[in-house]
C-alpha cells in the first residue's frame, strides 16, 4: 500500500516541527457539529490525548451543523494559521475531498477519523467498521429474539457513509435469520424526534413489532419513547455507545448498542498526529473492532467521559489493523 | 378545486364571516385528506392512529399557536425553534439539579418568555424589523445553547414529569389534552379578550390602531412574550416526550410552524387568522406526514408536498377574499 | 441660464384664446361614480392652446376626480374626449401621455429613493450608445436644464426623499414640464411653495403659455385666479356650476358660486350661550411636526373651528394634542389636568381623533363594522377585559341605529361601506369609548351632501350632550355654519381667533390666505 | 422663512457612518491586532474567495428586497441547480451543458416565484417559502439523498484556479458586483426596481408595466443561484443535497446588514458587498483566534442586531 509513502512525505515536516517548536504543537481537530453527542466524545478523546502528551488542541466545528461550505471555509482559515497537524472528521466524505487536498497542498499532516474520506492523503485513518458494527449489533438482537419475529430498521441520514454501511450490516444479518421478517426500513435522519415519530407511525400499520434496529442511539432512544407511549414492548438496539444508551441499557430499556467509541477514535487520531510530529512510529490504519455493549458488559462505559483515559500506544498497536 | 367553486357559490345569503368560511374550507380539506388516507390504508382510521396524529400535531401546534399571534400583528418570529432548544436545555438542567419537575417547567416557561420579551423589545422599542430581529436572536440563542451544552445531551427525567409528554389519561395522550387546553385558551385570548381584539386591530391597520389609543408597544411585547412562552411550553412537552434535551431540539420546527400558521389562513400582512385555523393547519401538515409514513412514501417528497400545500392554501385564501 | 430667464420675463402673455377655434382638449358629459358618491356629474370642459384655465371648487367638488379622469388614472363612466376636435379614448396614463397630457398631482408620484433626475425622467430614460445602458450624462444634463427652468437649486443627483415638501413639489412640476406637455394639469401647485418659488413657477407658466401649452390650474387662492387665469370654471359637488372670463366676474361672485353649496342645515344649531368648563387648554405648544407657539382652548358644549389653508399646520396641531406627534415645548391641559403622553394616554383621558384620511388612519378596512365600532371602547365596554362578541354586537347595533349607519349587518366588512357611513363608524368608535373631547380633522371630506348634514347633526348632538369639539375643515362654509368660534392658521401658527359674531367666510379667507 | 425654504436642503449628510461600515472596520482592526496572519495576502484572499458564493446570491437578493420582496427559495434552488449541474456534467462531461442546466433550473424557479408574486399576488414570503420546499424536495429526489461525485477535475478550476495570479472566484465576484452595480445605477431596469419598492403607482403613471419587471427580478435571482451553483459544485467537486440549504437567510442577513431596507426601495448594493465581507471577516477572524464555534454563532447574531440597531437609530434621527 501507499501508506508508507504518505508517512515518508509527512515525516520531514514532522521533524522540522518537533525540532523547532516542540513546546507548542497545535492540533486542529475538525468535527461535524456541536449537537451530536458522538462528536463530543471524539473531541473529549482528542483533548485527553493532547493533554497527556503535552500538546494543544483547537476545535473547529461548523456553526451550522454538518455544513459543507463552512467546513471548507474553516479549512482555508486554519491553513493560514498553520497548525502542526490536523485531525479531521469530514462532514461529507465525498464533498470534502477538495478540502483535504488543500490541507495536503499546505503540507500539514492530517489524520482521518470516523468517516473515511473518499480522497486526499492522510497519515492514518482511525475509525470503526460500520458494516461489522451493524452486522454484530443486529446479530445480537436477532439472537436475543430467538431468531424469529418482526423487525423494523430506522435509517440515518441518506447517503451518509455511516448509514450506508450500518444498514448494509443490518440487512446482511437479517439474511442469516430466515424466520425474521423485515416490516419496514425508514429514514429518521439520526434524529431523536424523527425516530420517535416514525416509530409511532410504523406502530400504526404494524401491530406486532418485536425488534427495532436503529442506526444510531438517538433514534433508538426515540423509538423506545414511542414504544413506552404506546405501552408496547420490543427489543431495541442502537449504535454509537453513547452515555444515554448505556443508561438505557442499565434501565433495561435498550437491549444493546454497538460501540462506535468516539472517545477512542479521538484519542488514537490525536495520538497518531502528535507521534508523527515527534517522528515516532505510528500506525496507518486503526479500525476498532465491533463491540456490542449490553447488560452484561456495560460497566466500563458507565463512567463520565472526562474520567476516561486514552490507551497506551502499545495497546493501540495491538488493536490496529495496519502498522508501518 | 371543488372548494374554490363552493366559495363562489355559497357566499350570499347565510352570512358567514369570511374567517368562518375560510375555516370551514380548511376543515373540509382536512376531512378530504382523512377520507383519502382511510381509503388508501386500513391503518389510518384506527383510534390509535388518530390519537397518534393528534399527539404529533400537538408539538407543532404549541409552537404555531404562539406564532399565530405574532403573525396576526403583521410580524414574524424566526427564533421559536432556537428558543425551544435553549428553554429545554435550561429546564433539563434545573430538573436534574433540583429533582423538581415543577421548578424545571417554570424555568422552561420563564426562559421562553424572557426570550420573547427580548424579541418584543427589539421590535417595539428599537424598531428593528421583526424578521431580522428574531433572526439575529436565533443565532444568539444557538450560540448560547451550544456553548452551554458543549455537545452533550441531558437525559433521564422523573417518570412523573415524563407523563406530560408520553402519559395517557383515559386513553388519550396528555399532550393532546394540553393542545386542546391551549387551543381553547388561545382562542379565548384572541377572540374573547380585549387584548386579543386589540392585537387583531394592530395587525389590520397599525396606524389606525395607534390613533385609536391602543398601546401598540405593550401589545407587541405581549405577543412576542406569548410566542416565546409557547416555545417554552413546547420545550417542556418535548423534554418530557423525548426524555432528553439537546441543543438543536427544535431547529427543524420553525419553518413547519410558520407553514402551519399560513396553511391555517393567517396573513403575513397581519389582522387575519385564528388560533383554530392554525390548529387545522398543524393537523393538515401532520396528516400529510403521517399518510406518507403509512403509505411508505419516500420521505424525500415531503418538503415538496409541504411547499405546494402552503402556496395552494394561501392562494385559495386570496382568491376567496378577492371574490368577496 | 440667467439669460434665458431674463428674456422669458419679457415675453407677453399669450393672446386670449379664440373660443371659436376647436379646443385642444375637450371633455363632454363626463360622469364618474364611486359607491355612495357622484364624483363627477355630466361635466363638460375644454382648454385652448396658450390658455390658463382656472378650476375652482371646494374640497370634494370633483376637481381631483376630473384630473384623474384627464390623465387616465380613472376611467369615466360616461362622456367623451375630443382632441383638436377629434374623438379620442383615454384609458390609461400611457394614452394620456400620448396626447400630451401631463399632470402634477398633490399626492406625489415620486419615488423616494431615486434621485431628482431619475424621477423627472421616470419611464422616459435616455438610451446610450451601449445597449441597455442609460445615458446618465444626458439624464443629468437634461434634468439640470429642467431644474434651471423651474429655478430649483438642488443637485439633480439628490435623492427625492431627502428634499423638503416644497422642493418635492417643484420636482413634480419639473417632471410634468419635461414631458413636453401640450396640456398641463396642476393641482394647487403653490400650496406648499414659498413666495419666490411661486413667482418662479408663474414665470415658467407664462413661458409655456407663449409656446401654446394649455394649462389647467386648480387653485384656492383668489389672487392667483385673477393674476393667471384666462378662463375660470367653478365646480361644486361634482357638477359644473359655471365658467367666466376674469374680466367679467369678481372674487365675490366666484366665492358665492363655490360656497353656495347645498349644505343642508335643516337642523337648528343651538349655539352655546354659556360655554361649560375648560376641556382643552393648549399653551404655547411647539411640536416636532413643525407647529409653533400654538395656544387654544375648547370648552364643553362648544364647537371650535380650526381653519386655514391646506398645509397651514391644522392637522399637525390635532396630532400634537392627541399625542401622535411629539410636543417639544409648551403644555397641554385636558379637563383641568396637565397632560402628556401618546395616543393611548390621551384616549384614556377622554379624547378622540377622527383623522383626515379615514381609510389609512381611522379604520381597519379588512375588519367588520362591529369590530371597528368596538375597537376604541374595548376597555370601557369590557372592564373585566373579557370580550364578548354578543355585547360588542349589541353595542354596535345600537350605534348603527343611533348614527343611522347604512350597513346590511354589523358583520359587514367596513371597506364595503360608503364614505359617509365609514366616517360614522369612525365617530361611532369614539362614542363607544365615552370620549368627551372630539377632534375632527376634515370630517366631511369625500362624503356626499346628505351624509354631511347628518354628520353635522351628530356633532351638534354631541356638544348638546356636553362634549367638546375641535373641528378642522377646509370648507369655510362648514366652519361658519357650525362653529361657535374658530382659530385661523397660517404657516404653522395660529394667526387669529374669530368669535361667533366675526365668523364669516370672508374673514376666514382674509386671515388665512397669503397676504397677496 | 421663505428664504429658508428655498435654500437647497442638502440631503442630511449623515454624520454617523452606516452600521455595516463601523462593524467591518472595527472587526478588521480587532483581528489585525489580535490575530497575526489576519492581514496576510493569503488570508485576505481567503476571505474574499469564501465570500463570493454568498455574494452571488446576496446581490440579486438586494434587488428583490428593494422591490419589497423576499426570496426564501434561493438556497434550495442553488442546491438543486448544483445537483443538476453535477448530474449533467457526470453524464455528459460538458461544463457548458451543466451550466445551462443549472441556469435553466434557476430561471424556472425564478419565473415561478415571480409569477406567484406579481401575477397571483401571493406575498413573497409565502410564495418563496413554498418553492423553497419544492426545490428542497426535488434536490432530495434527483439525488436520492446522495452526494453526486465523479465530476472531472477541470471543473474545479472554476473555484480553485487563478487568472493572472488572482483567484477565479474573486474575479467572478468582482465581475458580478460590477454587473449589478451597473444594472442598478445605469439601466432602466435598476431604476424601475427602486420604483417598484418605492412607489409602484409612479411606475404605472409613467406608463411602465411593472409586472414583467418584477418577474424578471426574481428570474435574475434564480439565474444567479445557477451561477453560484457552479462555484459551489466546483468547490466541493461534488453535488450535495443539503449543500446550500439555509443560505438564503445568510444572504438576507447580509443584505439587511448592508443597510438595505425592507421598505420603500431603499437599497444599497455596495452595502450588501460590505455586509457579505463583514460576515466573512467575522467568521475568518474568529476562526483564526480559535474562538469556540458556539461563541461564533452568538457573535453573528449579535452583529446582525447591532448593525440594524445602529441603522435604526440613524433613520430615526433623520
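All chains are identified by letter, namely A, B, C and D, in their written order; residue positions are counted from 1 within each chain.
As a working rule, contacts are C-beta pairs under 8 Å (C-beta built on N, C-alpha and C of every residue); 3 or more make two chains touch, one makes a residue touch a chain.
Because the structure is a prediction, the values reported are computed rather than measured.
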Practice problem: Count the C-beta pairs in contact for every pair of chains, then give the pair with the highest total. | Solution: B-D
Exercise. Starting from the mean Cα coordinates of chain B and chain C, work out the distance between those two points in Å.
Key: 45
Quiz item: Using the average of all C-alpha atoms in each chain as its centre, how far is it in Å between chain B and chain D?
Solution: 30
Self-check item: Centroid spacing, where centroids are CA-atom means, of chain A and chain B in whole angstrom
Solution: 36
Practice problem: Specify, in ascending order, the residues of chain C that touch 2 or more different other chains. | Solution: none
Quiz item: Hey, what residues on chain B touch two or more of the other chains?
Solution: 142, 146, 150, 300
Quiz item: So which stretches of chain A touch two or more other chains?
Solution: 34, 63, 158, 187
Quiz item: Every touching chain pair, please?
Solution: A-B, A-D, B-C, B-D, C-D
Quiz item: In their complex, what parts of chain D are in touch with chain B?
Solution: 116, 120-123, 125-127, 129-134, 136-138, 140-141, 144-145, 249, 252-253, 256, 262, 292-305, 308-309, 312, 316
Quiz item: For chain B, which residues count as touching chain D in their complex?
Solution: 76, 122, 126-129, 131-133, 135-148, 150, 255, 258-259, 262, 267-269, 298, 300-308, 310-311, 314-315, 318
Quiz prompt | chain B residues touching chain C - in the complex, by the definition given at the top | solution = 15, 17-18, 191-198, 200-201, 204-205, 207-216, 271-272, 324
Quiz item: In their complex, what parts of chain A are in touch with chain D?
Solution: 34, 58-64, 66, 68-70, 72-74, 76-78, 80-81, 92, 94-98, 118, 157-159, 187
Exercise. Could you pull out which chain C residues touch chain D in their complex?
Key: 71, 73, 92-94, 97, 109-114, 118-119, 122-125, 132-134, 136, 153-155, 158-159, 161-164, 166-167, 194-197, 491
